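Each remark here refers to the structure printed beneath this line.
Order of writing sets the labels: A, B, C, D, E and F. Residues in every chain begin at 1.
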């Protein structure tokens, strides 16, 4: 079970110039083989399929808890894409029909973001192909699953850096700068788990790929607050045994790793404005707002 | 963001006779077009893509909050499948290699559950095809999204009843009996939201499909505790405006609908036993248990 | 069984400037989830799978008859795309090989239209992905199928308007203006069928999505001739019971709905010119024409 | 445009013993690469994409007209599958809920036929994978398209014979016996077209594959009425130039080929009975029947 | 470029009882995510995409050379499947048509092996889904690619053992016994390469998964001849620098690893008999044989 | 089994201006339905699935031997794409991190070439969709397989010419000019095989499609050295019976066809430079080079 909190894990800039071309690239971080849907669903399914949890609790807790953080990552990627698409058609609430309102978006690389959607995120990759369950590896074998997860985070960091270098929209840069740091923590966590189980020291491979996060301003910012060292516990009461695995020093900086015994506070998400030309949330958003207002009153809110 | 709780929303029976044929059918409720991955990800993405939340808060809260409950449903379906697969190869921890250990599973309809997995759940449907992002509808248009959601719950209930009638394993029956009731609540919620927005009274279509839940013992059980009337709030602090929409009487029984201002307590999940022949969690689970024990001690747990 | 008539349901303008970027967007209306392949094949399969037709004839007739009209829609969408691609390489019959003849098409969003095809339509969506049978919903349950169909037409109208706003090629505008009107008729038909079966009045949701068709010149034109009110019977002798369902007034205009007891007369399709650089219909079309001429003579035509 | 006729091209036996295993194999003839969806949609799209029809009319007419016949083939395959699935759950109209009503279908190779459908046909192949637009070849090059079509019919005949030999349900045998004959006619037609265009005599390859249709009772029956020699014109007025191509003698029997200037009369399709356990057409079909009866009366039918 | 040799890398038993159910499971080793198509094409593409080979020759040679061996593995898996399918319909050359000749294969898990094929191998997995290029990882980053390859071989060994335990047909056992050994060599090779590049000692993870190959008779047999220690050079002249990487001792047995400077001699493949009922290689194979005989004579062979 | 040779079949120009748009089109020749993966894997699988080779040896040898040549074609296509992508980010070895290093590639049609890859080839088509095993036809019926292969080569030549006309990068032109010639040889070979087996003379269809290769400078060049007439034997000792089939004159030029009893000598492939911004082969390629140098020394190379 989960409880949902209406906040996001990192601060994103408000909408600025629309960037549908960049937004198509960011989709790779949503629905690509190494996107956040993959990290989220891999760890989620591995935790669901875990047998004999009692006998291997610290490892179960690690995987289950990182899965919970990853949910926040698909949320962030989606918020980024939506921010980048905002303004692609006239922003605002006024009900109006104007011929050619989407002309500016013609030729956008992922047209379904606007034809089927409301200038919104798709569960697709940068080629416009859907994320699929084939991206999930859940063998039930703990060492294999951890090996996979280490590899998955490696590939994911590769993809994130590439998007950082390719797309210069501030929301994309803020996103990738943050995810590089958090992905790095997960990579360390899985390497440490493998070391404790088998003796193989994968931390010698760090950084892998060789990304100099300390030269990336949008990442460096999070290193200053120690985000590259902390594993948060995303649960009111459970997953307490992660401390048995996530320990020692960071392989790149030598600083001590740290378990934070609660979820991060997060940030108020930007409430992105209506795009009435794509019916988001309607052709006449203010009429919905009036209905909502009345319902709130009736409910005594 | 989410917080994860290590409990499940319904009680499932412990493993009994393995039923890989039935487990293949239950996969439809996991990764089929109308499976729980679809309800979970549809509402999740619709909430991510929602524009101008401030102006339509009660509707945003409704969709976002139901999305949170659906996470618990993919968890339950997975637990059911894993329960049904338990015992397909020799259960237990003893490290041993025995020729033909999986012979009993040859010809199982979804062989990847055992060849690639540890007698575990796949993110696939009953035909062994992966769930894909193409199953997500998120137009950004509130009325369209709600119309879709009403239809999705309708199709989902159809599928659940069919699995109930086809598979007699007690775990499958417990699962479907429960999901029929909860899916019914969501169906009512979306119908009510549409009515409040447009005036169209979809409750006249209930039950749709015409499933007599009160004649299904595994559903009836949950009606006695009022599960067919309650919408839980799955958040510490957010989504409080669902009360503005989920109100009035149940279209089938006439009883008053009710918002419960917290998540249900849930149940301790069964810790399914090792299946060492499929390396779940290892060929020699007790060695992992020893390592884990030592790590726990080191961490002072 | 069908009889085929070599005419199209709406008049399209002749080829003008080629528009491969727009043509890629129009592909969504061919092979997208809400494209015409979907409406055509959904109603076709539902009519094939209908059980106990004798007991529910008016509803069977409605679905089967609308299926027949939808065939004409895939034809129209294809004609539109082909019109928009005409001229992308040198038009005409002269056999000639010229280096770089397709240079102008490099970077077109759906390159298979020219690499594999003869500047022709693909059974794909706007992302270059094929239409699939997964887009068909045919539960056999009449109320569910009708609920689906109402939702499908809703999503389809959304997509059509988006393409209308995004693409300004006259053929695309003529197509979408027409399809918005006809899709609206089908939406009303399914809403009415549901009302007669269950009492739920979906017409209160109209227009859904809230498209002001009377402000769209290419749609308005067809409203003047009453195309928004008429359901044609596409059969020499069958499907006569549609009159039992398609009746009452149009929910938006209040005018009376009307069953026309024959198919519309249609229009002579444009015979699009050869594009010999893509071998359509050949590198040297006039040689084929000579062979054809001789064959005609031999056959006394 | 098409006109639809509520008759089928061949007579099928009424439902007898249900055969879900055989029905799964017959799905290959529906949605497989060489199934009827492929023949139907290949020729349909080739006719839509045909450029300079005026210059190559006899060939355009041939492809367009065979496309029309193929629609009747998907209809027949669907009717066969539905016949074979009839009786898999209790047949009849009485509204009743009975636990385990689908137990007999558990383990059926294509469970979605019943879980998602009403014991009905899917747009899928024998592996439960959807037909896709990737199965369509439409190059625009007349000689290439005809070469493809000849090959497609060759592969299709292979598949039909295999299903004939694998499945002994009388409906499957009646279907494949008939389709082998009609597919043979199309194969001859495309071979003849190629010969007339290029001089290459493909009729020397007949029969290909080497199927002795005259030893197959269910095919022989149709040869007696000359079905192996006739090309029907499926149109009130169009496609008259097929006579310029379909001529000469049959390569296997030496008998003269014949163009029939109208569609075959066809047969009244079996109205398959309700399967209320799968909601087809409802849980309580007789209630729908009452509504329908009233609507008919109101409409003066 | 390649040269092809008409021999196979391991000896397989001749056909015995047909086993279509087991053959469906073996398909996972052909077209599954961890099947031999994946190992073959991953290393092949990584070698094609390798940049600056001169600077990293030993690593390029390693990957390119293992790719060559993997071609022999898809060949072996296919030979195994075909062996297991032999006899599913009457074996032999006599041209005959017999109703129900494939009845014995009805309900086989991968019906396309016979409906579309000649009782032959498909490029599919055990669920009947095609291998796809999405299974290829080729990042261009040497360390990442090697990490992937180590993980891929780990997963592949898991799948092979599962098939070994599930299927008892002697051909399947011979195949998996052999592939477990050769896959192990590749796993060691990639671990060694990573160690030399980064210092991380992955050999501490062996065996991974924990398969006791020395207790598997069909594997043990190959260990006796040292197959678990040898890396063959599959090239007349190239890839000589593999010796710079493949060295040291085997992590499980402590024996020295060895580069063999030529390809293994291999074995004469079984020439599987005709299956005329599925037209393999024809309905009347002896007629083809006569033609072939004449052609040979004409060519002086 | 195969032996691999580190040479390519045709000479490609060195990298010049990067052309990611053209490279996306060339992907069609890699992973499209008619790309080289398809020719390679079709003939490979047909040779694996061949039954009773002894009875039809000349035909088996023909298919198996052409399969071997096709491997060299996927290699060439990949080399072409990689050449065209070289320089898309700064070329060279110096380790450096530079913001926006991939900005130039934003909006490239196949972004995964850079986001997931190292400016390298994907196993995908021009729409960014993966090649799949569904592209393989292997019926086991010799005449059908040959008919398919003739058609496949026909379609492949069509695609190659289109890419030639669309993309003017010198590497793409060199590639397609060469492949048109070699594809033509295979087309003739399959036509000849069919003629010898059935008597049908498909050579009358040549050229098909009607490509005037002698007017294409990049093809003409290879005709001068007789590449359009030669079938090479790609094996040290096997496939000697191809001479029994590949004989007679070329249908277009009338010159005698020729079997060359060894593989062509080929060309040294270009060693494409590092692209450190995409980690190919690393962020700091010269460090790998130092390690490699040391390993070479240690191994006495």
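One rule holds for everything that comes next: a contact is a pair of C-beta atoms (placed from the backbone, for glycine too) under 8 Å apart; a residue touches a chain by one contact, two chains touch by 3 or more.
Keep in mind it's a predicted model, so treat the numbers as computed, not measured.
Steps from chain A to chain D, taking the shortest chain of touch contacts, total 2. Shared contact partners of chain C and chain E, listed by label: A, B, D, F. Taking only C-alpha atoms, you rotate chain A by 180 degrees to land it on chain E; that is to the nearest 5. Centroid to centroid, with C-alpha atoms defining each point, chain E and chain F lie 23 Å apart.
A separation of 39 Å divides the Cα centre of chain D from that of chain E. Among the residues of chain E, those in touch with two or more other chains are 33, 109, 116, 124, 127-129, 134, 139, 141, 143-144, 155, 158, 209-210, 278-279, 282. Pairwise, the chains that make contact are A-B, A-C, A-E, A-F, B-C, B-D, B-E, C-D, C-F, D-E, D-F, E-F.
By the touch criterion given at the top, residues 21-22, 24-25, 28, 32-34, 109, 125-129, 155, 158-159, 162-168, 209-212, 215-216 of chain F touch chain C in their complex.
Considering their complex, residues 1-9, 31, 37, 41, 44-45, 48-59, 64-65, 67-68, 71-72, 74-75, 78-79, 82, 93, 116-124, 130-134, 136, 138-144, 196-197, 234-241, 243-245, 247, 263, 266, 271-275, 278-282, 285-286, 288-289, 291-292, 295-296, 298-299, 301 of chain C touch chain D. By the touch criterion stated above, chain A contacts chain C in their complex at residues 89, 95, 97-103, 105-107, 109-112, 114-116, 124, 127-129, 277-279, 282-284. Of all the residues in chain D, the ones that touch chain F in their complex are 33, 134, 137, 139, 141, 143-144, 147-148, 150-151, 154-155, 158, 194, 198-205, 208-210.
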